[in-house]
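Chain IDs A, B, C and D follow the sequence of writing; residue 1 opens each chain.
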């Protein structure tokens, strides 16, 4: 099972600032192992963020997004909003974590 | 040295020979400490090409591991001895050629790889020159442990003296400064003769980007 | 011979006359790197390890199926907050000076019944070391912002400090390197990376105070033991044994020198 | 390569399942743009995204450093004064040009920051689609060699 994310959401002046750290190797498909064999690409490809059940961001990643991806965005919202972040990777592994806007 | 320093030096000298003798014994190469030796010996294990022989120090390494003594007045004789020993080991190029291909030299200067336990015996060893020196100004990622080498040949010219000095310095820097931070590239076979010729070209060839 | 020396001296003087343009270049690059560091400072992936470490700390494990919650890191059983800021230190029960990782091995052995040799032998970032790394991230985070406060009052602590100082200057390998080759002068860089002068309080605080850290270049969280290990790899030395007295001594030397500085761990490094 | 294709196929299938299970939105599942992420040049990606040849615009800002200390982690953000519905980050000299793209629903600020890998010094493009029209900002980011391993 995939490791948990860190999701932070802080409201200020009607805008919720969301910062997400995901635990993922984001294997680029460009690297070679010790034996010289190419390590196949393996990366988070899609991410969805909902606030109180409504989409606030959809993202699509290629293998060029850094290991342990970081994402920061802002939406119009309020303290107490329930934020759910879900990702799926190129092998079908997935993970979903929640946070409450403070 | 200014007059004031000179005077105080004379004053110190005139104090007593005894004091100097005492100082000699006070500042000496640090004592052989079995506890320290054991800690070093038990602290490492051989891994791949990095064998335990790498912690058997030669005379230069032993001397320079005690920087207080190595840079002291008392250490001067030993310092000169070590420099001479390193100078005597330098070989001039077997084919009489000092200047190779600066393009290859640049690649050698860029690479800091090789000779670690994660490398193989046949991993090419880089010169790692940019780790410590500015060389071609276009490379902004350079270190400052050593002096800048930008315009090295342009500033110094191409006399045989400059060429020989530069050759010697790359081959074995400890010939000039017993405890220089620079590796002894020929002494430990980190770079071969041809590679040193190529690095020479990077520094001295008038067509090298370093001398523009 | 004499001539060579004179020439060497003359060249030495020449080389100190840096062309002005090159210093400007260097200054710009340094400023730009500072900007880059500022931009990545927000969102340190160490947090991911820290969260995993907290779980491991509280999860029963090992043959004794016990947690680490009663582990004594020097401030009494179970006290994690502030503990890392005072390590390494002398521990009476083991009669040894121990750094954080060495002490955690003791706790894993005593409380959980785990074999420390398995930890020593494991490669970094894998198996039991992976757990260790997460736990270290958790423990050091609970000292973030504290003053580094390492004692050399106990004779064994004092002895370790002196041994560490000597080890710091110990040259070897095919490149004649010691720790001091790179870390004993102010204001030096390797490539674009600033090299803290670990022989001074200020430099030691910049080094010791920011490790363990998440390392951007490898995408891994590195403990202090791994940091030292890779220093020795780059020094072209043989492999330093995990948790050896050598590594305790060097840590003691750096940590004591850093006293009064602030714990900024987990850091975020190139 | 083969293995990679297979896993991508498998992943598309799972994506569909996730969508039907309501884990991610239907729209998102259909939109993962395989062709765009496999594009090998700016023109490829512009074409696949339907961006034509986007104009440079002062309304789009690319927040990125001039120099990256390490190519493995390069912070890149896009902000715009336009009413953005879609944003994309492109790296000219990467093996695949498109690094990431985002869909901005109404109510979300036109601001996103992430971190990308760069194999070498390159121009980086921040694209914004607003009112059906694409515009962009460009910046060169220098990737340096670092540390003693050079």
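As a convention for this text, contacts are C-beta pairs under 8 Å (C-beta built on N, C-alpha and C of every residue); 3 or more make two chains touch, one makes a residue touch a chain.
Predicted model only: the values in this text are computed from it and were never measured.
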Between B-D and A-D, which chain pair is linked by more C-beta pairs in contact?
A-D
Intercentroid distance (Cα basis), chain B paired with chain A, Å
49
Please work out the Cα centroid separation of chain A and chain D, and write it as a whole number of Å.
14
If you average the Cα atoms of chain B and of chain C to get two centres, how far apart are those centres in Å?
27
What are the residue numbers in chain C that touch two or more other chains?
29, 182, 190-192, 219, 234
For chain A, residues contacting two or more additional chains:
66-67, 70, 72
Scan chain B for residues touching two or more other chains and write them down.
130-131, 140-141
Would you please name all pairs of chains that touch?
A-C, A-D, B-C, B-D, C-D
Quick check on the complex: what are the chain D residues that touch chain C?
63-70, 72-73, 75, 115, 144-150
Of all residues in chain B, those that touch chain C in their complex
30, 33, 35-36, 39-40, 42-47, 50-52, 54-57, 60-62, 64-67, 84, 87, 115-118, 130-132, 134, 137, 140-145, 147-151, 155-156, 161-162, 165, 168, 174, 176-177, 181, 183-184, 188-190
So in the complex, the part of chain A that touches chain C is made up of which residues?
3-6, 19, 21, 23, 25, 66-68, 70, 72
Give the list of chain C residues in touch with chain D in this complex.
29, 32-33, 35-37, 39-40, 182, 190-193, 216-219, 234, 270
Of chain A, residues touching chain D in the complex:
15, 26, 28-30, 40-42, 45-46, 48, 54-67, 69-77, 86, 88-92, 94, 96
